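Here come two complexes built around subunit A, the first alongside subunit B, the second alongside subunit C.
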Partner chain A sequence: MDELLQALVQGFFVGSAYGLLALGMGLVYGVSGIVNFAHGDFVSLGMYLCFAFFTAFALDPYVSVVFTVPIMIALGALVYRFLIKPIAGRQLLMVIQLTLGVALLIQNGLMMVFGGQPTRAPSMIESKLFLVGDVVIRGAHLVACVVSFALAILLYVMLQSTDTGRAIRAVQQEPRAAALMGVDVGRVQVMTFAIGVGVLAIAAALLLPGLPIQPTQGLRFTVITLLVFVLGGMTNFVAIMLGGIVIGVAEAIGTIYMTHTLGQLLPYLIFVAIMLFRPQGLVWRS
Partner chain B sequence: MLEMQGVTAGYDGVPVLRDVSVNVARGELVGLLGANNAGKSTLINVVSGTVPIMSGRLMFEGEDISKTSAQDRVELGLVQVPEGRLVFPQMSVRENLLLGGYNRKARPARAGNMDHVISLFPRLGERLGQLAGTLSGGEQQMVAIGRGMMAGARVLMLDEPSLGLSPLFVQFIFEIIDKLHAEGMTILLVEQNLSLTVRHADRCYVLERGVVAVEGASAAVAEDPRTRAAYLGM
Partner chain C sequence: MRPDFWPALRSPIPWALLALAATMPFLLPNYYLHILTITLVYAALASAWNIVGGIAGQISLAHSLFVGAGAMLASALLVKLGINMWLGMVIAAAASAAMGAAVSFIDYRFRLGHLSFALITMAFAEMAEIYVTNTEFLGGASGLFLPKDKGDLLAFQFGGISGVYWIMLGMAALCVVVNFAILSSPLGYNLRSIRDNENAAQAIGVGLLRNKTLAMTISAVLTSIVGTIYARYLAFVDPYLLVSPVLTIEIVLFATVGGLGTALGPAVGAILLAPLGEILRGHLGGFLPGLHYFVYGLVVVGVILLMPAGVWPSIRARFTRKNAQEAKAS
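Showing the complex of A and B:
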């Protein structure tokens, strides 16, 4: 029983960060119709940026986020403007190939700069533990959960009730009309991609404490993000956060109750099961 | 106020409009008629800046705006209400209208413009919270026109506003057009419906395969045999 509670709490916390990863993907998909297969590698890059700031200036990942977010936003804008935009709207496969290419570039770039050895960027709170009843809560997980939800709510409010947010949704729903109302559609697309990548810089710092990092880990994050993104019905914010928690809990239960390999398989099994019965994802509204 | 001088324009280097000259004076209601594929929508897309000009000039209030970006033209007050309405289906009526007032110049005037739109379309006032995608075609047309007014339109370009509407709504939309006209709005009205348009417009142009076939006062255009020929493609 205690183990189950432990798994649920831990899964919920980590899952909220997965939800945040998928929100970035959902935002970009909604506006540009692009599924970014380099998504996880941008997370990876965010983590290595934190690592670089740690080795150079002994900065805690929670602090260096102040620098990594703007760097990643700028990078996202450049990647969209000069790589994705020229081929956006053409064959879907071309865009997929391109983002896969970006993924390989990031992986090998990281390998060249940081080497292939797993490494870590320690944080001051990664060893902090709280005991609530019999449940152990890791400080880093708590921070990840609180920040993820706060960011999700912030993004939601931004989309719902600011001019920028309305412009983003307008481009999502009817780009031609948006352009006729004076919205610079190209700029909105660059901006959402940049925001989507910027969010990953934050997610990277949230997931980093206690996690050994290596250059080839990106694909794992991409796959987790894709699971959550599809579970959430691709654009529904609430369902995406919920999807994150489902995958996070599945992962935690798998790790605690099952042997290593089988446990890692559990999120995918649950994903397949949900997709079989609810192919539209976890959205309740038609 | 708006003057198209010998404009040739089209898509991918293939001209749709050839040497077209059209002018619209301040406060005028000008009808743009023609059969399908005559180039009517292309013409207002040229004014909106979404179709590039190959040769000729587009003047607005004495300034050459041929090279002005589509966004800047909206700010100048050249606003198109597109064919098929193209409302934002997953946004409420209110949000659709607010997005209409997105451009920098229109933003400060949004509250006042919103009141004006609602006074013209009380029905929208009752449905501000409803998603635009769930409205009837006629109501969506109201949203589309209201959205254009919110953008601070000084020249309102309506692309086939009666398309696909019930006769009752068509009549209502034309009453609204008359009302806007009476308030002093400059209107360029693209229509296929000849008899309805000549009854409401001050002047008309008839396009035939990308060139102006007939132009003049509405009554004269209606009676000109070339108008009929343009429609029948003779």
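Showing the complex of A and C:
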């Protein structure tokens, strides 16, 4: 029983960070209709930026976020403007392949700069543990969960009640009509992509404590993000956060209760099942 | 068959090129022969993928399943059960065909769109890697070592690099010819109509399940056989190389760079990129690991932005335009 509770709590905390990863993807998909297969490599890049700030200035990852977010936002804007935008109207396959190319560039750029050995950027908080009842809570997980939800709420409020947010939602619903109403669709698309990548800089710092990083990990983050993104029905914010928690809990339960192999497979099995039987996502409103 | 298939096959140019390629083991030192062999492996894999990904427009990211089955299953049957690798190759190809048909059936039954198909096949590829690296029979995480190549053809041994080179040359040529044959046959027209508009194709009576399954099965069998030969060549069968989703991504990128949906494009892409990658890795991999993938990334991004149809169609268009102009001038 304790084990189950522990798994649920841990899955919930890690899953909320997964949800945050997928929010960026959902935002971009809603506005531009593209799926970014370099998503996880941007996370990877965010982690290595934190690592670079740690080795150069001994900054804690939670502090260096102040610098990594603007860097990643600028990078996201450049990538969208000069690489994705020229082909955005064409076949989906093109964009997938282009972003796979970008993934190779980031992954191996990191490999050339930082080398292939696993490394770590320690944080002052990573060894802090809290005991609530019989459940052990890691400080880093708690921070990840709180910040993820806060950011999700912030994004939601931004989308609902600022002009920028309304412009983003307008483009999401009907780009042509939005353009006729004077919304600069191109600008909104660049902006959402930049925000989507900027959010990843924060998610990277949240996932970093205690996690060994290596350049080739990007694809795994991409896949986790895609799982959550699809579970959440691709654009629904609440459902995406929920999807993150489902995947996080599935992972935690799988590693405790099942054989090693089956535990690792469980998130993918859930993904395939949902994809086939509920392609519109977990939560669906007509 | 469209009438230009047989004349093209009877034309002396491809045969001359093939004969020229076949003399390479007598001319080149082993290092360069190794690069050519790897190039042929990728040319064959990219051409086989093209049947599904290019001609039929189904972005399959599950082809590492088939390479993996061909490599790991056939090797495991030999190493663990002592089953002759020729038979192992056939068993693995049959298993790949069954998996390919299953994927096609799922695609048809649930009417997956392009994006869903890509995501589901990617999930299958991830699961395959986890499964193989955790299954002792298939070599687990540490892989399998094949017995030494003594040149016994009956035991699937080709007597070193020259033999493997010839076999792979034949296999790559076969994959290209199959592409060419499909493009000139009713199947090719059906597949292209499915690629361009699935609903319209179905409405005029193109059987989705039959055509998609056929394309996927042909592609899976070819891919699996290449996998078995590649495993024999490597002798050490590494799951993190052969069942890795990264392998599929490489195949897809080579095919895209060369030109999707054309018979020769994917092979051209592999011929352009694979040697470049091997040479960069061989010479600079020591102090700049990852450089060859970085260059792949640059080339892919550049080609998609500048020649979205791929390199081969661009070259072809240039030639035909020149011919047309000359014809007009004369």
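Going forward, the second predicted complex is superposed on the first by the 284 of 286 C-alpha atoms of A that agree within 3 Å, B and C clash if a C-alpha of one lies under 4 Å from a C-alpha of the other, contacts with A are read in each partner's own complex, and residues count from 1 in each chain.
Just so it is clear, contacts are C-beta pairs under 8 Å (C-beta built on N, C-alpha and C of every residue); 3 or more make two chains touch, one makes a residue touch a chain.
Given the structure is predicted, the values throughout are model-derived calculations rather than measurements.
Contacts of A:P86 after superposition on the shared chain: subunit C is touched, whereas subunit B is not. In the superposed model, C is the one of subunit B and subunit C that contacts more residues of subunit A.
When the two complexes are overlaid on their common chain A, residue A:V238 makes contact with neither subunit B nor subunit C. Of the two partner chains, neither subunit B nor subunit C is touched by A:V63.
After overlaying the two complexes on the shared chain, residue contacts for A:L8 are found with neither subunit B nor subunit C.
Once chain A of one complex is fitted onto chain A of the other, the partner contacts of A:E174 are limited to subunit B, with no touch recorded for subunit C.
In the superposed model, A:V135 makes contact with neither subunit B nor subunit C. Touch criterion met: A:V102 reaches subunit C, while subunit B stays clear of it.
No residue of subunit A contacts both subunit B in one complex and subunit C in the other. Only residues 57, 59, 106, 110, 112, 114-116, 118-120, 122-124, 126-127, 130-131, 134-135, 245-246, 249, 252-253, 256, 260, 288-291, 293-294, 296-298, 300-301, 304-305, 308 of subunit C touch subunit A when the two sit together in their complex. Looking at the complex, you find that subunit A touches subunit B at residues 163, 166-167, 169-170, 172-174, 176-184.
Listed in rising order, the residues of subunit B touching subunit A in the complex are 48, 50, 70-71, 74-75, 79-80, 82, 86-91, 95, 98-100, 102-103, 106-107, 147, 151. Note for the complex: subunit A touches subunit C at residues 35, 83, 86-87, 90, 92-94, 96-98, 100-105, 107-112, 115-116, 215, 219, 223, 226-227, 230, 260-261, 264-265, 268-269, 271-272, 275-276, 279.
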